[in-house]
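Let me begin by presenting the structure, written as structure tokens, before commenting on it.
The chains carry the letters A, B, C and D, assigned in the order they are written, with residues numbered from 1 in each.
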Amino acid sequence: MIKAGIVGGTGYTGVELLRLLAAHPSVELAVITSRGEKGVKVSELFPNLRGRVDLAFVEPDGVVLKGCDVVFFATPNGTAMQSVPALLKAGVKIIDLAADFRLRQAEEWEQWYGIPHICPELLTEAVYGLPEVNREAIRSARLVANPGCYPTAVQLGFLPLLEAGVVDPQSLIADAKSGVSGAGRKAEIGFLLCEVGDNFKAYNVPAHRHLPEIRQGLTAVAGGSVELIFTPHLIPMIRGIHATLYATLTDSQVDLQALFEQRYAAEPFVDVLPPKSHPETRAVRGSNQCRLAVHRPQNGKTVVVLSVIDNLVKGAAGQAVQNMNLMFGLPEGTGLEGIALLP
Amino acid sequence: MIKAGIVGGTGYTGVELLRLLAAHPSVELAVITSRGEKGVKVSELFPNLRGRVDLAFVEPDGVVLKGCDVVFFATPNGTAMQSVPALLKAGVKIIDLAADFRLRQAEEWEQWYGIPHICPELLTEAVYGLPEVNREAIRSARLVANPGCYPTAVQLGFLPLLEAGVVDPQSLIADAKSGVSGAGRKAEIGFLLCEVGDNFKAYNVPAHRHLPEIRQGLTAVAGGSVELIFTPHLIPMIRGIHATLYATLTDSQVDLQALFEQRYAAEPFVDVLPPKSHPETRAVRGSNQCRLAVHRPQNGKTVVVLSVIDNLVKGAAGQAVQNMNLMFGLPEGTGLEGIALLP
Amino acid sequence: MIKAGIVGGTGYTGVELLRLLAAHPSVELAVITSRGEKGVKVSELFPNLRGRVDLAFVEPDGVVLKGCDVVFFATPNGTAMQSVPALLKAGVKIIDLAADFRLRQAEEWEQWYGIPHICPELLTEAVYGLPEVNREAIRSARLVANPGCYPTAVQLGFLPLLEAGVVDPQSLIADAKSGVSGAGRKAEIGFLLCEVGDNFKAYNVPAHRHLPEIRQGLTAVAGGSVELIFTPHLIPMIRGIHATLYATLTDSQVDLQALFEQRYAAEPFVDVLPPKSHPETRAVRGSNQCRLAVHRPQNGKTVVVLSVIDNLVKGAAGQAVQNMNLMFGLPEGTGLEGIALLP
Amino acid sequence: MIKAGIVGGTGYTGVELLRLLAAHPSVELAVITSRGEKGVKVSELFPNLRGRVDLAFVEPDGVVLKGCDVVFFATPNGTAMQSVPALLKAGVKIIDLAADFRLRQAEEWEQWYGIPHICPELLTEAVYGLPEVNREAIRSARLVANPGCYPTAVQLGFLPLLEAGVVDPQSLIADAKSGVSGAGRKAEIGFLLCEVGDNFKAYNVPAHRHLPEIRQGLTAVAGGSVELIFTPHLIPMIRGIHATLYATLTDSQVDLQALFEQRYAAEPFVDVLPPKSHPETRAVRGSNQCRLAVHRPQNGKTVVVLSVIDNLVKGAAGQAVQNMNLMFGLPEGTGLEGIALLP
């Protein structure tokens, strides 16, 4: 059994991680920390876990965490980097669900996150945990930077096009829509049901922190600079991301459907739908799948990719478990067999 | 492996049954029938099942169904009774998720459902599939009448009170609220998002078909006639039932919390919350749990019980699988370990 | 023109009051105060008011408020009582949308609200602003205590029964459901879309502050003590209250439909639906109507009343405007003609 | 008083038209027709209209309609063209809320709508009822083709850019999202709450009937051909459209904010928000406003316009009333002063 610890498990990625790990056949949940909720039983905060998770939150404690085989950080940005160096030294493997190790350049990280990075030397060691791109590196990684939710949906949609070089990398547009759980479990007026319910809007159009993360990933596969417009929106629902992606084709002969099907033929968690399909967020609700469809409207110069994930699963906790499975040599889908809840 | 057939799997209880059975370790999904959708792949209708259920709908066919060990009917009321006698004769076990075998009196059934019953002789043989009441009878049953969604939530809430004789059985009120999936997957204006979304209302206050079913169950445990007011309401959400139950105490000394905890101490799928709790429908979303809380406001003469289930799971497909497990001697919770999806 | 001031207009009753007063033909919006948002334009906080309300929030200022003809308090409980005596002395009429003047007994108020009352001598002068009961007293009042949202829906439903003496006043049950805007515009985790969306639950079953308010009102019309169970629930939507009311009939011959129709025949904002109806919250969304239906299931001993209002209009701001109209001799419905928004 | 008739008022544009016309000071609602609901009171179908609209639906009848000053068609596509020629001959003014007269080329219309056009000679006479473009022509029109909901939101967003010639007209992308009421009030499984609730998806990506309508309008203002990708999506809510528009700038010096503000300075129903704003659909819920914001992310080559309307008001019934006001010489905003309902 893998002894797993969770740092900061009081948010939505935390409870989702608990749901997945509690049912994982090779994991023993050893410890979960939270300064704010110490002493509170996990199942009091998250009543769906009653009878399934008996732990109570404890204060973060280096000794206990060092006894784990793997520690997941489900903390606000800037927290994991404070503890990761010591834990790595103690031989613990790390999966950070926040952004601390996602960007390879410390200066870029500091510019977007507004604080100095404590351990910039780990930025190049950290493996970006998108298995569809970095599977082999993840298997041997000590430190995995779990991708953001938008970056997962957007990169999986653009990958086949950029790898094949059939679109202009300067023409990328990602019009992305997310359920509200992406904003986390924070006491802010802006995310009250009465503010975001029965409502739709874009936000952070001038700049969103997922932009450099997506750009970095796409640049790597494109083998050169990309230009990307990224427009996030809030959907009045809890879970799900729908990314609508646009790019200008440079090869008008390419068989887009075949390109996508071949690229993802061996991927357990990427599902390319038949031609003319429209993936729905509910078709991945609670599951680790990404479902994709590719269109070329009016047979014109623009390719349109539709990509859906559950932001809390493939966009966060599920992908973290997928990475853990790879890091510990388990079958990649262990504990991730849950079928999406529909309706 | 148990060979399972599903008759009429195009509705919401159908897709939920498919979700549960596809992941059940002892079940082989042998056949699923639908006249309207014959030839269509199940995963086309329900994209959450892509990669998990390969069956296509076929026309109902007695021969194929007779080759099953168990057949689930997820059909409109009045359909199952047409095929059940022949299937029973062929040695097939039956679990009917509709209402055909829920009432023991043919005349009462015919009065509420408006058509003659085809096989009234089976009404007394049929076992009402509420394991918390009829576990032993279910184990040996050939024909199980799976309870309705409201009746499950309401009976589990009233049971301890009536069994203990601590309330006036003439004083029962069930103010029940259901997500819209309880209405099924039917093309009716009344259930469009634009009609029931962002809206709340009662319906069928003069009379609802679940009233005689609940009354029959409560009468049995009360050991005498009960009087019940049953008021159903529609919640603008998909899954979940919340029953708020009222009764007048006849024993003002009873320890209500202890009564409930003891009654359900051994039940795997009934969870009594601590005093002063308020169960939420999301805490059972997608799971087979019923969660209960019992209150006595102002320490007065009225007991208030709060009871939540997922109407498609403990209120339909999950309870059906629980019954199947009992009928085939499997551990009762097999395939029902899914943790509720929260948020 | 009536010069109107609003104290504390940053919540949902505040913005609704602004919406109504901005369109009121006899009102000039003179001032709106908020400590937290001083200097901010009202239309920045509430973009629906762009082009319609040009005011900015200012610090509460006795001098400016004393120049008003009427001041509305849309403040947290315990705030209005600090300024009301001075404003009354200055000749300003007051409508308090909070609870400071709703209970007539200072001790009871202090017990439920947990702080000493500053001006208990005003509790008996204050007129409870339910026009359907106190219309004449409101016309000549200096200080109106605007009723709570639940109390409005519940009292209007029980009134005809208690006034006519046809039910047992010891048998009252109010199972009430509210949209989330009733909780106000506060940064609390409990009211995030991800917590209350796609979810249904009861809350405050042991005790809710609206209980004594309802009991006081019902006692007055019953002419004797009443016993009431009040169970509030949260609906996953923004606006609307649905109260489902139960009482035991003492007169089994009464024509309930006629009783309700006659009681409210002259009321501009109470609409009794035809027999067998089920009022919907959307049918009053944004309007000042209360719509009612009365049922007697199975022709039994229990009467069931269904009562819907928009909690922000008839349950708060609309009723406040109705009271203002009465206090200033205007036609009662001035500025309240808006038709409910459906769908 | 203008005598107004409505043909086909049982859908969502119908009830919204009734809500607006019932409160319009210069309109007398003379007749409303529906074959399916003849004899039914309007307020039975739409309970928000109880006490405000006393009409019952009648069968369509040429004589009665010919006695009207204006007839609104809120019918399915292909219906209005059957009656319009005779009504025009009788001197009745027509506002068609469906698509029968929106395209100027009969062949294009027939290609997209799949049936022959009955009166193609009227296509060039009909005035496209977007007041921000065609105000003067509308004033003198006999026949107004009321724009579609998406076309209104998209055209108002692109207009200033194309009129000023500052973007490449071959580069247009409209990523549009609509509440479900845009699909109408039809008994179809696809629009049940359980299908579209708690879900997000694109639809009709290969081709949507609003594409030629938008392209025709944009071509006219661009003074040359435009290339447009139009991707509609369904939001799990009732009302509101959010169009996110992309175009490649050809003039990198243009002051986009000033361009938009100047273009719409005199428009009563188009509101340009301050720089860096994100309009929300709820800020126009129930009102006739279009609210716009313009962005240039990372100061790059792509302009992003955010445009919101209420699809049933500025996108349908409200714009129809605006057009009627123009056609009858009334102040343009008469009866359209309603402030958006927020929250």
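Convention: a residue touches a chain if its C-beta (ideal position, glycine included) is under 8 Å from a C-beta of that chain, and two chains touch if they have at least 3 such contacts.
Not measured: the values here are computed from a predicted model.
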Mutual neighbours - chains that touch chain C and chain D alike: A, B
Chain pair, A-C or A-D, that carries the greater number of C-beta contacts: A-D
Copy pair chain A, chain B: interface residue numbering same or different (half cut): same
Gap in Å, rounded to a whole number, between the CA centres of chain C and chain A: 45
Intercentroid distance (Cα basis), chain B paired with chain A, Å: 36
Chain centre separation in whole Å, for chain D relative to chain A (CA means): 39
Per-residue overlap in chain D, given as positions that touch at least 2 other chains: 12, 181, 185, 194-195, 197-198, 236-238, 279-280, 282, 285, 343
Arrangement of touching chains [line / ring / star / complete / other]: complete
Complex interface listing, chain C residues touching chain B: 173, 175, 177, 179, 194-195, 197-203, 205-207, 227, 229-231, 233, 235-238, 240, 242, 244, 246, 276, 278-282, 285, 295, 297-298, 300-302, 304, 306, 308, 343
Interfacial residue positions of chain D with respect to chain C in the complex: 12, 15, 19, 22-23, 46-52, 181, 185, 198, 238-239, 271, 273, 279-280, 282-287, 291, 312, 337-343
Chain C - residues contacting chain A, complex: 12, 180-181, 185-189, 191-198, 236-238
